[in-house]
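If you scroll down you'll find the structure; I have some questions about it.
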């Protein structure tokens, strides 16, 4: 099952709403499909101009490796040269920290990933999770 | 004046609505700020996975050169080697055809660009224009 | 529906068998999923070492653009600078000639692409089609 | 002596069979020739989409340096900047961990390399070795 544009909009709106309710800094949120391709993205007013690439890098690495941001960060801390090499083969497109969140359907299959950036990595991940859960899907941070 | 996220949403929604009303193929729409950085993007269900890069390339070239898609295409037809060289200096990120539309405010200043892809280049440009006009801004195709 | 590894093997074996029966030069065959990612690849003995990249480029462009090799070639002939620019945004990974074949399921949805290289582009496409049809899927050359 | 496509198929099938017997996660297996060029690749159903690049990076580094994954990992741990620099000259295509396995013929000459990814690096290397030995060649992990 693919994430529809409608569900992607819900994920983004609810992630941004979570950021406003918990008084986070301006957020940027991306939704990728199961092949790592962009479905939708929004950057809040006041966010730095380069935030697309950070949001994308968090979500893209999650899809390519089948491993969410928290697991990627652990691997980067254990074996920095491995994650550096992984970035080489993926064209430097991987940001291995929380805020990259895998999206699974009811059967547990990966159907996409969400990337959030703007506040701390943990707050970014919480915003992503809020959006994903509001859409009826399951997030793995 | 920058294009707000709110106005960007209006541009995208109205461009997509134009596509549905005129029975175009599934569209993808991007809004860039005046520095060429992504504010928002949406890809309709059924569009090919690589459409982000095409929409981005149309809008990015418009911003970088201060020249909309129609003018870029004319230049590419007159002097193919020039647009090839332009792509060299901009890292291959420019798609010089209609559907890349400059966005101007009431004083005529460029405040961003919209890129649309999915149907013919001319139909893409018309959808972009519909979105921009619905937001109260002015488009240059 | 995704193309399974089992179906991918059938596609490759039957494409290569078609090549042997019709006395084509040594072929290389790739199967990509609907996100443009490699499922399987084989290069026959005697094929040139660089054939992976050609097979990949034919199939990858088909997926990214949602347009098979024949349509890409027409576009390249009509508007060479457009396909050159497309290659820029896709990192130079697109080979716009026949032999890149879209794979559709019974409902007409694109589920992947096959790329064949080694003989003439038209013979390459015929081999891809033979493999796809043997797997019960539908090819668009 | 080159690795034939037939032997490459045996290597891949037996490596995957080893993975199933020992209950590893879904694996991806690549076989490169002595010039570092792809002969064959298969990705099991359920493996993450980006696995081709990881399998390739493990095998490619082994061929380019004439040094298998275990030796590369030791070098990366001793001298991270060296492996980073190696990746610079090889275009970021080297993944220096076990699972990249050199393939030697009876006279001890390097005839290719196998790359396996999907489980732990050590399990990946064991699967590669099982495949290589089943083909009558010798693996160096």
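Details
First chain written, first letter: the chains are A, B, C and D, and each begins at residue 1.
FYI, a contact is a pair of C-beta atoms (placed from the backbone, for glycine too) under 8 Å apart; a residue touches a chain by one contact, two chains touch by 3 or more.
Chains and their UniProt names: A, B, C, D = Heme-binding protein.
Predicted model, so just to flag it, every value in this text is computed and none were measured.
Taking each chain's centre as the average of its CA atoms, chain B and chain D sit 43 Å apart. Chain C and chain D have Cα centroids lying 25 Å from one another.
Centre-to-centre spacing of chain B and chain C amounts to 30 Å, using the average Cα coordinate of each chain. Touching two or more other chains at once are residues 49-50 of chain B. If you sketch which chains touch which, the pattern fits none of the simple shapes: not an open path, not a single ring, not a star, and not all-to-all.
Listed by label, the pairs of touching chains are A-B, A-C, A-D, B-C, C-D. Those residues of chain B whose C-beta lies close enough to touch chain C in the complex are 47-50, 53-54, 56-57, 76-77, 80, 83-84, 87, 91-97.
By the touch criterion stated above, chain A contacts chain D in their complex at residues 34-36, 63-67, 79-82, 84-92, 110.
Remark: chain A residues 33-37, 91 touch chain C in the complex.
Only residues 2, 4-5, 8-9, 33, 35, 37-45, 49-50, 52 of chain A touch chain B when the two sit together in their complex.
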